[in-house]
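Presented below are the structures under discussion, each in the form of C-alpha cells.
Next, two complexes with chain A in common: one pairs it with chain B, the other with chain C.
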Partner chain A sequence: MDAVLLLESAVNGALVGLMYSLVAIGIVLIYKSSSVPNLAQGSMTMLGAYIVLAISTGVGAPIWLAIPLAIGVMFFVGIGIERLALRRLAGRPVIMILMMTLGIEIFLRAGTMTIWGGTSRPISLGISDAPLFLGPLLINRAYAFGAVVALAMFGLFVLFFRTRTGVVLRAISDDYTAAWSVGISVERGVALSWAMAAVVATIGGVLWGSVQGVDQSLALLLLKAVTVAVLGGLDSIGGALLAGLLLGIVEGVAGSFLDPLLGGASRDLVDAAMLILTILIRPHGLFGRHDIERI
Partner chain B sequence: MEQPSVAPILSLNNVEVIYDYVSLAIKGVSIEVPTGGMVALLGANGAGKSTTLKAISGLLTAERGEVRRGEVTFLGQSISGMMPQDRVKLGIAHVLEGRRVFEHLTPEENLVAASAVRSRHVMKRNMDRVYGYFKRLHERRGVASGYLSGGEQQMLAIGRALMTEPKLLMLDEPSLGLAPFLVAEIFQIISTISKDEGLSVLLVEQNAVAALDIVSHGYLIENGRIVMHDSTEALKRNPDIQEFYLGGAKGKDFRDIKHYSRRKRWLT
Partner chain C sequence: MFFRQAGIFHINYAADRALFPIPADRWMVGTLLALAATAPLFMNTLYLSSYMLPWLVWTAGALGLNLVLGWAGQFHLGYAAVMGIGAYAAVHGVRHGIPWEIAVILGGLTASVIGIGFAFAALRVKGLYLALSTLALQFVMDWTISHVPAISGGTQATLQAPDIRLLGWPVTSDAGLYYVALVWCLLVTTFMLNLRRTALGRALVAVREKDYAAAVIGVNSFYYKLVAFATSSFIAGVTGAILVNTFYHAVTPEQFSVDVSIQALAMVIVGGLGSIIGSYFGAGFILLMPGAMNTFISWAAAQFGLSLGIETLAHLPQALYGALIIGFLLVEPLGLGKIYNNVRDYLLVWPFGYVKK
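Up next, the complex of A and B:
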C-alpha cells in the first residue's frame, strides 16, 4: 500500500466530507429546532446554486454579489416552505411531515429541471484549479476552501444554539405543545429553522456547484447528507461535523483502493453501508440525543 | 350557592368543545375565577378538566379540538379564536398535565425558552424570582431536565409558566405521581405566590383533598358538565363531596356494598 496515496486520499476525503457536512447541517438544523426530518435539503442545495447562477448570469451581477442576494432569496424560500407546506401539518404525525419534505424535494427537482433544463452549468468562484502542495500531498483548493467555509458555518451554528433564540428553537423541537403553552411562536420558530437551512443550502450549493457544475446531480447530495446527519446523530451539529469527516475519509480511502478492484462506485457502497450500519447498530448516531427515560 | 365577590379575571360562559368535528368533550361549561382568587376544578378522569383548560389557553387547536359554542372572557375581553402565544402575552399561563418540561434542556434553559419576548433584564429578574420560590431548581439548574425528579420537574413546569409573568396561572393536575409531602410543598408555594403577587389560580385536580386545602372556591365537573360549584367550606360540608371526592369523612363501612351504588344527589 502506498502511504502517500493513502494519506492524500484521506486528507482530500476529509475536506470533501466537511463539504458533505455543510449539506447535512441543513438537515440537522431543522431537526434540532423542530424535530422534522428534512428530506428536501438536496434539492434546496441545488436550487440555491441555480439562483446564484440566475442572478449572476441573468442580471450580470458579479459572483460575490450574486451569492448574498441568492442567500436573501433562499431565506424567503425557506420561510415560504414553512408557511405554505408545513404550517398546517404542525402537530400531525411525523410520517406525514416526512412525506411532505420528500414531496418538496421532488417538486424542487422537477421545478428546476423545467426552468433550467438538464445541462450542467459552471459556477466559478475564481479558485485556481492548481493543487495546493502540502509536503508530498496534493490538495484540491476548491475542497479546501469549501472545508474552511463549512467549519465557519459550524462554529456559527454552535454559537447560535446557545443564544436565546437558539434555546427557543431547541425547546420547540423538544415539545411543540409545551412551547405553545409558554408563549413561544412555534410557527415562527419552524419558519426560522427552514430559512436558516435554505441559507446553508445556498452556500453548500455554490461550493458544490463550483466543484462539479450546477445540474440535477447536486440534489443527489441528499444521500450523503442523510448519511452524515444520521451518523452524527440527527440533532448534533458537532456530530454532523465529525460524521462528515469520517464519511469523507472512509469514502476517499475506499475510493482510491477499492475502485480499481470493483470498477468504480465503491464510494456509494461505502455511503450506503455506513447509513445502514448506523441505523442498525447505533440508531441515535454518534452524538444524537437519547430520549431520556427515568427509572 | 355563594358567588365569588370579586370581579372575575376569567369567565367561561357555556363553553362547548368538540374534537375532530364529532366528539363533544365539554358541554356548556361556565366557570369564573375571581381576580387574585384561587379556584379548583375537580373531577374524575375524562370528565373534561384538561379540555376546559385547553379551551382557555388555546392549545385545543394542536389537538384538533375547537370551541364550538360559548365564550371565554379574560380581563373583560373575549379571547376565543386567539393564538396561544397571544393569550400568554395577555397573562394566561397553562402548566400542562404530566409536567412536559423541555427534557433535553437544562432547567435554566427551560426558563430562558419561556421568556422569549422579554428583555434580558426582565428575564433575569423573573429567573431570580422563580429560583427564590423553588430553591431546588437553582441547585439543579445545569442538569438536563429529563433527569430531574418528578417533583423537581413539576416545580420547573410551574417556574417556567411564571417566567411569562402570568396574571392567571392554570395548573393541570400538578399532584400527579408525586409523593404527598411534595404535593403539600408545591401547593403551599402556589398559595404563597398567589397571596404575594395577587396571582389568580385555576387548579385542576383529581386530588380533591389537597386542592380544597388551598382554594377558596371549587367547581365539580362530570361528563363534560359542571354539576356543582360552591365555596370550599360548603363543598367540604357536602356529604356527597365527602363521599365521592374526599374519600368519606365518617369512615366508610366497606361491608355495606349498597353504599357504592347510591346515586349522587346532584344527578337527580
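Up next, the complex of A and C:
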C-alpha cells in the first residue's frame, strides 16, 4: 500500500463523504426543528431522483428544467408527510414516531417501485467521465461535483438561517414552547423544515443517481446518512458536513485496507462500527448539544 | 352478554388472581386450545405447514419482542439478528452431535448472551439512540454471519438444518412439526400471560413508564433492562431455531436480515404494544397480508380490466404494508389487540351499554 493510493482513497473518500452529508442534512433539518428522527430520508432521496427521471423522460423536459420542477414537487411531498402523518403523532412516545418514519420509508420506497419499477436507470447531468488528475491523484469528477454542491448547500443554509424565516426556525429548534408563546407558528416551521429536507433529498438523489444509477439502492443511503447525522450531532448542519468528511475518509481508507483482508463489503461494517462507537462514546456527536438524556 | 360478569364473586385470592376470571374467556381459550390440538386431524397439511406453523412460531417471536418493546419499553431494531444467532447456534450444535432439545436451548442461551450485547447500548442511551445502535448491531451481525465461513458455511451458502429428534424420536411429519411449534408458542404465551402478575413484569412496566420514577420506588432499571433483553433474546433465539427447523429446513443469512427485524416490529405495532392476544393477531396479519393482498390485487385488476406489470404486482403489497403501519399508528396506535379489547368491553355489558361508567 503506497502513500499515493492511500491519499487517493482519502481524497475520494472525502468527496463521497460530502455527498453523504447532503443526505444527512435532511435528517438534521427535521431533527433540529421537531426532534423527529427521520428514518424516511433514504426513501425520500430515492423518490426525488425518480421524480426527476419521470419529469425528464415522461414529459421530455431537459434535465436543468426537470430538477427544479422535481424540487417543487418534493417541497409539497415534504409538507404533505408532515401534515398528514407526523403532526398527528406530536407528543407521542419516540417509539411511535420512529415506527411512523419507518412505515413512511417502506411506503415511499415500495410505492416508488410500484409506480416506476425497480430496474436501475441512468441519470445524466452532463458530467464527463474523463479522469481528473490532481497531481498524481485520480479523482472522480462526479464525486467532486457532488461535493461542491454539498458545500454550496451548506453555504446556502448558513445564509438562510440568517434570514427572518431562518431565525424563526432557529427559535423553534431552540425551544418550541417558548417559540409558541411569542407567536411563532411552530407547525408551519416544522412543515417548512420537512419541505426543505425533501428538497435536499431531491438534490442528493439526483447526484447519487448520476453516480450509481437510480434504483432501490438509493434508499440504502439511510444508514450512511444516519451515521453522519449522529456523528456530527443530530442538530448541527455544520457537524453533518464535517462528520460526512470524516466518515468518507475513514470509510475510503479503511475500505481499501480491509476489503482484501475481509473479502469485500467492509464499508458497511465500518459505518456500523462508527455509529455504535459514536453512540457509546459521545452520543451527542461532535457538535451536538449536550442535553441528550443519558443513563 | 357473552362475557357475563354477574354472579362472579371471588372468595379467595387464588380465584381473584386467576388468568381468566370470566367463564366466557375460559370457554373460549379451552375451545381454541382444543381446536389447535386437533388441527392436524381436520386441516389440510398445506394449510397446516404453510400457514398455521409459521403463524405460531412468529407469534412466539412477536411475544419475545413485545417483552422488550411493549413491557420494558426499549426499542429493538435488531431482533431478527438475535433470532439468527439462535438459529445458527442450534443448527451448528445439532450438526456437531448435540441432541436437538439441548441444541435449541443452547441456541437460546447463545442468543441471550449476545443479546445482552445489544442491551449494553440500552444501558447507556435510550430512545432514538438505542434504536440506532440496535440497527447498527443488526448490520454487524448480518455481516458477521454472511462473511465468516465457519458460521454460514461460506458466502452465498445455505446450511441444511438437520431433522428434529425429540427425546430420540425423529419428528418429520407435518403434524409433528406443527406440534413442536404449538408447544413452543403455548410455552411463551403462558410465560407472558403470567409475567404481568409477577414482580418482574411490574418492574418492567415501571421501567417503561419512567426509569427515574422506577428508581425512586426501588426498581433497579439497569438490572431489569438487562433481564428484559436477556429474556427476550432467549425467546428470540429458540424461536429462530424452531423456525429454521420446522419451517425453512435450511438456514441462510437473508432469513434474518434487517427487513425481517422491521417485519417483527410491524407485528408488534400492528398487534398492539404489550398485548398478548395482539401478538397473535399481529403475526397472523403481517404473515397473511402479502398473500391476501396479491389475491385481492389480481382480483381487482381482473375486475376493472387493468393490466398490472410484474414489477407493480411485486412491490404493491410492500407499499400497502407500509401504508398499514402508517394507518395503524394514526388510527389505532395500540393496534389490533386494542380493537379486540374494545369489542370485548362492548360485549361485556351488551345490551345494557349505559352500565359502562
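Definition applied: the second predicted complex is superposed on the first by the 288 of 295 C-alpha atoms of A that agree within 3 Å, B and C clash if a C-alpha of one lies under 4 Å from a C-alpha of the other, contacts with A are read in each partner's own complex, and residues count from 1 in each chain.
By definition in this document, a contact is a pair of C-beta atoms (placed from the backbone, for glycine too) under 8 Å apart; a residue touches a chain by one contact, two chains touch by 3 or more.
Small disclaimer: the values here were computed from a predicted structure and weren't measured.
Touch criterion not met for A:D259: it reaches neither chain B nor chain C. Once chain A of one complex is fitted onto chain A of the other, the partner contacts of A:T177 are limited to chain B, with no touch recorded for chain C. By the document's definition of touching, of the two partners only chain C reaches A:L223; chain B does not. Legend: residue contacts after superposition of the two complexes on their common chain; A:M100 is shown touching chain C, with no touch to chain B.
Put chain B and chain C next to each other and count what each touches on chain A; the higher total goes to C. In the overlay built on the shared chain, the residue A:R289 is in contact with chain B alone; chain C does not reach it.
Of the two partner chains placed around the shared chain by superposition, chain C is the only one that A:L89 touches, whereas chain B remains out of contact. Legend: residue contacts after superposition of the two complexes on their common chain; A:T114 is shown touching chain C, with no touch to chain B. Shared-chain residue A:D268: touches chain C; no touch with chain B.
When the two complexes are laid over each other on chain A, chain A has residues 292, 294 in contact with both chain B and chain C. Against chain B, in their complex, chain A makes its touches with residues 90-91, 164-165, 167-168, 170-171, 174-185, 289, 291-292, 294. Residues of chain A that touch chain C in their complex: 37, 85, 88-89, 92-96, 98-100, 102-111, 113-115, 117-119, 223, 226-227, 230, 262-263, 265, 268-269, 271-273, 275-276, 279-280, 283, 292-295.
Against chain A, the residues of chain B that register as touching in their complex are 57-59, 62-63, 83-85, 88-89, 93-96, 100-105, 109-110, 112-114, 116-117, 120, 144, 146-147, 160-161, 163-164. For chain C in complex with chain A, the residues that touch the partner chain are 69, 73, 75, 121, 123-129, 131-133, 135-137, 139-140, 143, 147, 155, 211, 221-222, 262, 265, 269, 273, 309, 311-312, 314-316, 318-319, 321-326, 329-330, 333.
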